[in-house]
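Below: one structure, written as structure tokens.
Chain nomenclature is as follows: A, B and C, assigned in order of appearance, with residue numbering initiated at 1 for each chain independently.
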């Protein structure tokens, strides 16, 4: 187990390092006029050179990279170009918002997906099964920005017009300011995200549930006269959930860097929106910091999923 | 002496395992295959027959030793250098299901040898394939079908057709009938013997079933745990069995055979087949041999003739059986005297 | 021919069940799937709309980029709702939404098909190579797959497009270069078990080289999952393209494309519902049709999920 862990973590670090090289190469080799922007229209060549020097942009790319790597290992991802705020600080501010969004949505989509999946699997080929599959696929087909805009249109604009100002047009209210406003601001984004992702879970649950329900021990349990609902929930669901949990881990990791659109539509200043702003301003340290942080989230989530697997199924460990 | 077509010289083949041990699948085998003969190779499952066959066809790199075909060493040839020789040495595989690509049409499977060696293409290839199909008793009109549309016996015919496409000199048949129903086994065996006569083929015929091997072979090699324990012309192997293991195998055959009926005693071997990762010292059979003595655990018996006037009949046993010796009453004695 | 063989022919065992190629079996199942067939019809209609986009322009008399600031906008300068001249209304610049939707279909389908094709080709080749060749090739490719799958795709895509400037080529390349990894992973997994199969060894014993075995023997056995994945990938790619457009990184204006139209409509959704509704509907119907069809393809190739 220890060997397995070490190897897995080693792979993870290798992957992150490769990503840092790739991202660095990609953005630093591309032409950049940050110094020009910072210097403003009147910026003389001297000012620009000075700014470049201050930002370390006058060094060869590989030296900049080594510098970056040296700091990154110590937990310092550099400073943003415009206000010299540490990138880690920027991430620290945006992260709670993204995590709130991801976790809340996760609760919703898990509940929705697993519930629908179980119903589908226990009534295969029934009207309910088909209806739920169609429902799931319908929302799965939505581009996230469209779903977000529609939710805003109906549940914010229309409702507010009719005098029910339940939902805000967007933005974020920190948890510190009370759970009520926090919840109010996040509910629509949660729903938007959960509806998109629930389809995958409905299908996964349905598929593995169907497999499990066909197995011998389930038949045995049934023949012993155990109540059907108990068979389904206690015996079936428990073993059917393994692929669901796996997928869940992977999705959560990916959401950290993957909720760009939802954050943009609902004006949530999370990691995604921060990154988009940074991209528009060519604020490279912030872009690289967020990309690396989001990649790390995926890597860590995958390692956790693998460990979970190895604990559940000892055969995996050998390989 | 007859012409030697294939020579196997002290071949060993080891596989690494997940733990640090190695499996000695073939543990030092030497033998010769003569032109035009059928050499049978028998042994229980897992004794290394398929591995030896693959070494013979240079599908595996041997761990040590060498394989020679028509006087040329092939066991160290690169894949590329081996290519032209593949035309001469062909393999018919044990599993008629696994050895045919399920997603390709039978016509193109049988046509593979022509395509790979750039021999015929287009209509010419199709014609040749259909001739082959006819030759092995398949309906040429089924050219465009998939393997799944054929029965086991028919699939093995496909395998035979493919192996014979380039008129090889040596065909290594790795349990060509084991996966088939008994009634169909005979058909395939007949087909193989007819083809041998027609095209002057040389066969290495592998089976775990001694009665099948006996039926087709001129000579038989008996394998146990990666080694040949007895090698003799078929009639001598049956008439003058020398190795206790061979005798045990023989005694398990159905009694439908008057030749051996007199000397029949059922010999039940004790114990399990030892693990190939950790074979017994000395004679590998000593853990199960009814005649085992203390020196059998220390000394590894070489494969050599028991009688000088029968140089063809070689046995690896320190205490070879004499003709008529009753093995059923023998008891091992491994104590130091 | 010897008599033994002829005799054998006569007494040959009963035939195995008459089967067809796995492919045509799947096709037959697919044809019986009503939802999938309806989706296919819808897809064909969308393709027709894309091909016949100039006809839409000719019939309405409105070229896609023509701005009718007089008749296409209200006196306040707002978009006009659906009417006799502009069947689906106009956008903020007084352009005909119907015609622009028809032209937008070209972009969505073009990107969807080309980017998917690139993705699948790269993914299949690299997955085959990694799984079949093993060793150092596999180690490198497996790490590369990990890298690509760990990177936050949309962020990097946005960043890249912002650096290079938006264009059709960049969109297609970015999508292709980031999506191949999942295909490669699927293919690699399949190949890892396929290469141990006896028919691979049989091919080798005939003298086939690696390349031939990979493409002639192994490839046909991974086609089914690849087809399934491909049909399900097309809608994902279409959505990705629309998303990039929505974020302002699609095609330079005035080229009509659905994501861009929806993005432009954002400021008008309180006053001009048709402006977001129709492009949004076009996009949704397209992805839904592809997803439903893809779902049918999956069930057709892997009927297990429906067996009870």
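Here, contacts are C-beta pairs under 8 Å (C-beta built on N, C-alpha and C of every residue); 3 or more make two chains touch, one makes a residue touch a chain.
Fair warning: this is a prediction, and the values are worked out from it, not measured in the lab.
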Examine which chains touch each other and state the graph shape they make (line, ring, star, complete, other). line
Taking each chain's centre as the mean of its C-alpha atoms, which one lies nearest the mean of all protein C-alpha atoms here? C
Suppose chain centres are the mean of their C-alpha atoms. Which chain sits farthest from chain C? B
Between chain B and chain C, what's the gap in Å when you average each chain's C-alpha atoms? 51
Report the inter-chain centroid distance for chain A and chain B in whole angstrom, where each centroid is the mean of the CA atoms. 58
How big is the gap, in whole Å, between where the Cα atoms of chain A centre and where those of chain C centre? 23
Multi-chain contact residues (two or more partners), chain A: none
Residue set of chain A touching chain C in the complex reads 11, 14-16, 18-19, 22-23, 26-27, 30-31, 124-125, 133-134, 137-138, 140-146, 149-150, 152-153, 157, 206-207, 210, 214, 254, 256-258, 260-261, 264, 272, 275-276, 279-280, 282, 287, 290-291, 294-295, 298-299, 302
Using the touch definition from the top, list the residues of chain B that touch chain C in their complex. 54, 57, 59, 79-80, 82-84, 86-87, 90-91, 93-95, 98-105, 112-113, 116-117, 134-137, 146, 148-154, 159, 162, 181, 183-184, 187, 190-191, 194, 198
Under the touch definition given earlier, write down the residues of chain C that touch chain B in their complex. 1-2, 4-6, 8-9, 11-22, 197-199, 201-209, 212, 216-217, 220-221, 223
Quick check: in the complex, which residue numbers of chain C touch chain A? 35, 143-144, 146-147, 149-156, 158-160, 162-164, 235, 239, 242-243, 246-247, 259, 262-263, 266, 269-270, 273, 276, 280, 283-284, 287-288, 290-292, 295, 305-308
